[in-house]
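Look for chain A in each of the two complexes below; its partner is chain B in the first and chain C in the second.
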Partner chain A sequence: MQHIDTMNTERRVPVEPDFWLLIFGDLTVFSVMFIAFMLRRFESAETHAVFSMGAESLNQPIGLTNTLILLTSSYAVVLALSHYRSGDLRRMIRSIGIAIVCGLGFVCLKIVEYTEKINQGITVTEDRFFELYFTFTGIHLLHVVIGICLLTTVAYRTFVKKHDAFSTPGFIEGVACYWHMIDLLWLMLFSLFYLLG
Partner chain B sequence: MEYVQAPILMSQEVITKTYRYENAEYAIYSTAFMVFCTVLGLFIVAPMFPPFGQASASAETISAFYQEGNLSKKIGLCIMMFGTPFIIPLFALIGEIIRRSMNMPILGSVQYGSGLFGILFTFMMTVSWGTAAFRPERTPDVTQALHDMGWLFATWVASATLLQAVCICIAVFKDIREVPVFPRWFGYYCAWMIVLAFPACLINIFHTGPFAYDGLLGFWLPYVALFSWFGVSMVCVWHAVKKLKVA
Partner chain C sequence: MIVTNSKRQYSIVFGVLVLITLGAASLTEVTLLPVFAKHGVLECILITLAAVKIIMIAEYFMELHDAPRWLRGTMLTWVATTTVVLVGIVGFNSQIY
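The block that comes next holds the complex of A and B.
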């Protein structure tokens, strides 16, 4: 049987090896942030109490919904990539559309959560827990917004069939990897802020 | 070699390859001089860097910081002030490479413009600290305000650097010819620099913790990223110029 590598099953580095420098860099920043979080949390019994109280006052159902939403969108991106590799561009655009809608849903829920906290009079300078909560989730939210823009770019370029550096298989794979990284980071943030009570 | 305006029909490529990058190495030497002045001025003579615990320190502590070794602070800031503009040749050279050799005129201009904008921030940083060191015996509150303002200028240079790095990043990724001018990892490196420098924009909210201007994400990561970016871009531009000269 003739071997055709349409599914890209050969062992290789996704996108290109250089791309992982960026992912590595972003993960470095977040690792430093997570280490800073843990150091501050276990500084003394008092900070431990502040962090526990803060974690309990967060809206857990919204946090869990957001986790599920991001996992769904990651799955949609996986589907989109496999449709792209099999050449089914219409389905690929549809899957990316689902991922974008999920991403927008995440942003909306996050805004609801922030507004809820701000209406309770809790802002970024409230205490040590909320200082880190707002900055870390804010930086993550920025990543999500950038990710949505990139997904929209990919969907649009595929839709109008424009061929340039931003519609190559490498770029599309890169955007998918970036989106999975956002998902991974949210899983870490969710467990650090919401679950570590 | 006399500089001849290219006739319209003459291939732009020929001009680019033969005359345009004559003596371009001096831009790299000039950048090395800038880095030398920064390290000598800010790190050694006037130890303004790194700012241990200054974001949460009292006005009296900051005032005492300027009173001890006042003359060396003035001299160090003077060296820094003199060295700052010497990075302009590097930005001009990168701009010219992007504009002519990679054929993306607007990205090249925006890169150059935002580079100049960033130098203004760095210069204002030196001016703020220089003013703080000028009359160290004044009310501590004023000295503290000037010191904080200097740090905001120093770190909010990220706004200009971000745009500049995005331009270089896009230019590198759009260059999909057989032999690209810049290696692709340089584009990813610029993107990484943006990621590392971005959290530093929050320094005006915090007095303590990792996001304060003496913290891990407010000082250490962005400055390590920035200074390593100078080195990396010098090497990449050096190789690009060599490639463009022989091509």
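The block that comes next holds the complex of A and C.
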């Protein structure tokens, strides 16, 4: 408990400092993508209209549901980390399980959305909006899949009580941080693609 | 006790995040503000709301409120820079289109 108190009161770097290089590298790449999206949107009156129509044709309820799903998963991950620190590994695994289910739900809804678009004959080559939509959300989806794999690894290693590099506090905090990064990137993607139309 | 307080804090943050998300989504359905929408105000509000949510996740879920200044500052700089550039592009171009 003294250890937990120390962790909560002192200014400390959450996760290994090197890990933040990965996080900020990813965030920088995505911010360039966000800016590229916005610049393309206002390239001409024609692209502005194409982007508005593209956004309106997206399935907004699915986008909103996916946002709420990712927020819930982030909440579950933060609770899992809290349980881990208090030594309640059973609850930690349960919370990670909820986050994994949410992540899988996100992936399923994204596949439904992509399938819906492809069935309508809309692909990555449709127009500039969908070129960016499929590229950016596809890259984000890849991050989600990687995140699910990492969460599964953490849950499994904790369940079998295997002590290795994948069950250290640093790695578990890193996976949690990575998952939150996925969440916050989606929040901006959701606003740009689904709401700005 | 610290752990319990933290859990309560996480729940409050989660609730606020959900409320902002639903609020932002419902803002796009509001037809009472077409003038704002035409001038890009609504777009700026939506981008800013997304930035607020990102800061909340970074501060509370990624635990940057306890982190050293350099780390917290780097994250806040990233959020602020991205938001200002996006809002700036909208603000500048909404005068044209």
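In this section, the second predicted complex is superposed on the first by the 189 of 197 C-alpha atoms of A that agree within 3 Å, B and C clash if a C-alpha of one lies under 4 Å from a C-alpha of the other, contacts with A are read in each partner's own complex, and residues count from 1 in each chain.
What we mean here is this: contacts are C-beta pairs under 8 Å (C-beta built on N, C-alpha and C of every residue); 3 or more make two chains touch, one makes a residue touch a chain.
What you see is a predicted model, and the numbers here were worked out from it, not measured in a lab.
Considered on the superposed chain A, chain B and chain C are sterically compatible, since they fit side by side. Residue contacts after overlaying the shared chain place A:Tyr156 against neither chain B nor chain C. Looking at the shared chain after the overlay, A:Glu131 reaches chain B, while chain C stays out of its contact range.
Once the two complexes are laid over each other on the shared chain, residue contacts for A:Leu21 go to chain B alone; chain C is not touched.
Residue contacts after overlaying the shared chain place A:Phe34 against chain C, while chain B stays out of touching range.
Set side by side, chain B and chain C differ in how many residues of chain A they touch, and the one touching more is C.
Shared-chain residue A:His180: touches chain C; no touch with chain B. Once you line the two complexes up on chain A, you'll see the smallest CA to CA distance from chain B to chain C is 15 Å.
Contacts of chain A with chain B, set against its contacts with chain C after fitting on chain A, overlap at residues 24, 28. On the side of chain A, the complex with chain B involves touching residues 16, 18-19, 21-22, 24-26, 28-29, 32-33, 36, 40, 124-125, 128, 131-132, 135, 139, 142, 164-166, 168, 171. By the touch criterion given at the top, residues 2-3, 6-7, 10-11, 14, 17-18, 21-22, 24-25, 27-28, 43, 46-47, 49-51, 53-54, 57-58, 60-64, 66-68, 71, 74-75, 78, 81-82, 85-86, 89-90, 93, 96-97 of chain C touch chain A in their complex. The residues of chain B lying in touch with chain A in their complex are 173-176, 183-185, 187-189, 191-192, 195-196, 198-199, 202, 205-206, 209-211, 216-217, 221. Residues 4-5, 8, 10-14, 20, 24, 27-28, 31, 34-35, 38-39, 42, 45, 48, 60, 64, 67-68, 71-72, 74-75, 77-79, 82, 85-86, 177, 180-181, 183-184, 187-188, 190-192, 195-197 of chain A touch chain C in their complex.
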